[in-house]
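Quick one: the structure is below, questions incoming.
The chains carry the letters A, B, C and D, assigned in the order they are written, with residues numbered from 1 in each.
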Amino acid sequence: MARPKKLLNNPVDVVSELIDGLVAASGGDLQRLGDRNAVVRDRIADDKVALLIGGGSGHEPMFPGFVGSNLADGAPCGEVFAAPTPDLILDTLHAVHRGRGVLMVYGNYAGDNMNFDIAAELAEEAGIVTRTVRVWDDVAAAPLDRITDRRGIAGDFFVIKVAGGAAAELTDLDEVCRVAVKARDNTRSMGVALAAGSIPETGERTFELPEDELEIGMGAHGEPGIARRKMTDADAIAGEMVDRILVDLPFQSGDEVALLINNLGATTQMELLVVTRRVHQLLKERGIAVHRTDVGSFLTCQEMAGLSITLMRLDDELKRYLDMPARSFAYSRS
Amino acid sequence: MARPKKLLNNPVDVVSELIDGLVAASGGDLQRLGDRNAVVRDRIADDKVALLIGGGSGHEPMFPGFVGSNLADGAPCGEVFAAPTPDLILDTLHAVHRGRGVLMVYGNYAGDNMNFDIAAELAEEAGIVTRTVRVWDDVAAAPLDRITDRRGIAGDFFVIKVAGGAAAELTDLDEVCRVAVKARDNTRSMGVALAAGSIPETGERTFELPEDELEIGMGAHGEPGIARRKMTDADAIAGEMVDRILVDLPFQSGDEVALLINNLGATTQMELLVVTRRVHQLLKERGIAVHRTDVGSFLTCQEMAGLSITLMRLDDELKRYLDMPARSFAYSRS
Amino acid sequence: MRDTLTPAEARDMLAAVARHIVASVDMLTEIDQAIGDGDHGIGMRRGFAAVEEAMAGSDLQSVAKVFKDAGTAIMAKTGGAAGAVFGTLFRAGSAAFDGRDGMDAAGFAGFLAQGLDAVEKRGGAKPGQKTMIDALAPAAVAAADAAGGSLGEAVRSAAAAARQGVEATKGMIATTGKARTLGERSLGHVDPGAVSFTLILESMRDYIAA
Amino acid sequence: MRDTLTPAEARDMLAAVARHIVASVDMLTEIDQAIGDGDHGIGMRRGFAAVEEAMAGSDLQSVAKVFKDAGTAIMAKTGGAAGAVFGTLFRAGSAAFDGRDGMDAAGFAGFLAQGLDAVEKRGGAKPGQKTMIDALAPAAVAAADAAGGSLGEAVRSAAAAARQGVEATKGMIATTGKARTLGERSLGHVDPGAVSFTLILESMRDYIAA
């Protein structure tokens, strides 16, 4: 398969350049952390519990696109598909800390876990209290009894949205953490990939998929999923994905959920909407009410073609924080 | 080049299915017009000047994604890359009309012009007053002295946003039309394509581009642009595009502008942001102030890889309507 | 060979035309891929599949009604430039049969002349801009010249002129429609709408000759 | 062949290691494409290019300081799993040289043992999970066995054990890192981090032998 064509400058500088673009587009709402690859909000309320998110780059708008009001306060951005370094995390952590501790929310990957843990230990030495919520929403990544082996994918967004709302309202770090854990524990996702993305610096696709096949459960870096299928219709794939997601929590008749249809990169909005339609039909059949639906690019994998489906089961508390107005590069709601 | 892989059902039904998805995602804000391929707002204020937008499908979220509060009131959706029929336009027009006339805003294409004109004539026979604003922002499509031969591309969004604000506030159709014309006349765009999109029903890409070339000025259906270039870096391309856009209006030192960086389909947010950064640098060098920046998928061309740059020169009136809060599937701002 | 078509025959003829267009979808799409947006075939298929249905339900009141019904179906289902153009051709052109019992050479010539006039008004294009007008205009001239003779001869001569018109579009630079910005690159390619128009006439010719 | 390295020699050795890793970027990337996310080579290049720079500026106070500076550079620049793992290895392992004048076989064995311990604590992985630990653990054992002998022999024997460990990862199913969900599909492929670790030891061996 041909290498993807990209409109970039020197790929070694891509993370730095995209952060400049993000800060420019924010019109003053975001600041760059010196010349580092991290963004922080221009104004962070005194005495606020800080919310720090972050991870490898290449998944834009995740994570820096969700730094904003009632969302996260800062995000260190690693190189493409590489967790940020402890130094960068720690510096960003210092920049957002307002005396009430820092909640760190990120995807559950070995690299992120280790680097954020190191930063947390260093922060602790400096007298800053931190809490950690690792998102592991990808039901394709491991069986339920090894849930802590699962990857974090687009469900990151729901956890960030809820944690962001909680961090804006609640004054106690442990309380914010409790709400974020609840959001995480009620969130399940699964992806499907039709074609691979590539890493700018190597120019190579991260995996190969035959012309007539798709892969269900593919991870956000091209980590393998659980089944290859011959290309088939959208309704069949959506049905298989929804089945696997519903059974996992399990979601049940009478539940109320938030739905996220996430573009993994190069998929058309047409496809996203066709799947949105089908998921709504299926949930209705199962007696599950959809409180709100978000459709778009939330956690991408470069020009990977495909999408993921995320459901979060709601209670009044989760609904309240999910529905709070928010404003950032990638997500604004009144 | 291999055919793009798509997650769809029967491609003949794709427009109908995507509208179902859009309506489902709207959570009640949008209604489908019976079983027709058109969306209208759930509630349209009495006595409001109605704003009707529309065109061929395949450019999602344009147009139906911009039906919402302080935006458009309804959108007939043609088949992929085909203007809607007069019947569909007329029926949608009837559905949004509230006694104060209807402003129709759409892209300047032979098919759209003819079909909307026919509908307007039929509406007039039925006693409904209409006005038309055709968007012709694509500077690559024809020289300035034949501006009415130019295509409408992502600049549609600025005209819709401003017209939507004006239609929500002003009670006179001609006044709303005047404001929309002003928005249109101050808007200029240009695109660049790296790879082709395809039409679902044929499965074929709409053009072929050699592996190492890109095309500047490519239209939203793959209509040819003004220059092919060997793949080069993002800054060089952004520079060439900005030069051609600035000289056209012309934009001048001291101007204040809105900037839109639009994803033509499959381009990564990383690339969009790198270009956003460069455009900001170039505008700053030229003494042009950026009032606000929007980055994302506004008018796409299926899985075409590439992006477009749009600038609108602002005065106080345009700024006021552009900055009004808005809420729709594809654009929400508080 | 029929020399004046009854409304029922006109209906059968347009049904045959519709089937021919529907069967040509791939060819038309390919031509539009070269200089347009690649959808002309599927658009014409939508419109003419609707024509076939409409013909099955047409009430045979008059030739004018049959042609107008076809035009209404095209207008309602095709979309795009082609829907407006071919819908206008049939709807406006059908008026030429008003007050005539059947379809004869003079009526046919009037259909093309009035259709051409309406299409030019609708889209603002003139001959030489690489559109279906470049097949329609010479066909209208040929039909007018043959208006005093047999229907078969008039249609054959119009179809031949249209085919020549298609060939001539190869040498034209598009200045309207989606091929507009191709400029010189549109040279060497025929216009898809002109081909469709010619297929319509050729299929009429074959029906009448059979 | 040197039997105890001075701080300056340790620094030169690590600079040579750094150059070797930087030169191996394509190979490491390719291995990570097979079972990871394809970035291991470029990550290691970032980290070890920083090591080379750090070595140029290292103050030669002690071998421990030189190793710790290398670890700090890796930690600060690599990112990803590899940054934490190799940063931890060098930073925690460097403590084995505390209070020693130079780098001898016992110090080297201590470096691997303490490094291994810290890496296991940091990432929670154990031998058999197809990580760099599957090269590091046997290397640590081999170095401990050779701790009473010459540095050259200890490093040679550790490097050979690491290389065998790399081979053994082919038969393992990944249960941590980005290869985790490959399951059986990870069989037959070596672990990229294990390869990197082995390259580090082999390059130390070559420096000492030269």
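Keep this in mind: a residue touches a chain if its C-beta (ideal position, glycine included) is under 8 Å from a C-beta of that chain, and two chains touch if they have at least 3 such contacts.
Because the structure is a prediction, the values reported are computed rather than measured.
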For chain C, the least number of touch steps when starting out from chain A: 2
Centre-of-Cα separation between chain D and chain C, whole angstrom: 76
For chain A paired with chain B, centre-to-centre distance based on mean C-alpha positions, whole Å: 28
Distance between the centres, which are taken as Cα means, of chain C and chain B, whole angstrom: 32
Junction residues of chain B - those touching two or more other chains: none
Shared-contact residues (touching 2 or more other chains) in chain D: none
Chain contact topology (line, ring, star, complete or other): line
Which pairs of chains touch, using the document's own definition: A-B, A-D, B-C
Contact footprint of chain B on chain A as seen in their complex: 1-2, 4-10, 14, 17-22, 24-25, 27, 57-58, 60-61, 65, 192, 194-195, 200, 211, 214, 231, 233-235, 237, 261, 265-278, 280, 290, 292-297, 300, 302-303, 305-307, 325, 327, 329, 332-334
Residue ranges of chain C touching chain B (in the complex, touch as defined): 29, 33, 36-39, 41-43, 46, 75-85, 87-88, 122-123, 125, 175-183, 185
Interface residues, chain A side, partner chain D - complex: 56, 78-87, 109-111, 113-115, 117-118, 140-142, 149, 151, 199, 201-202, 204, 206-207, 217, 219, 221-225
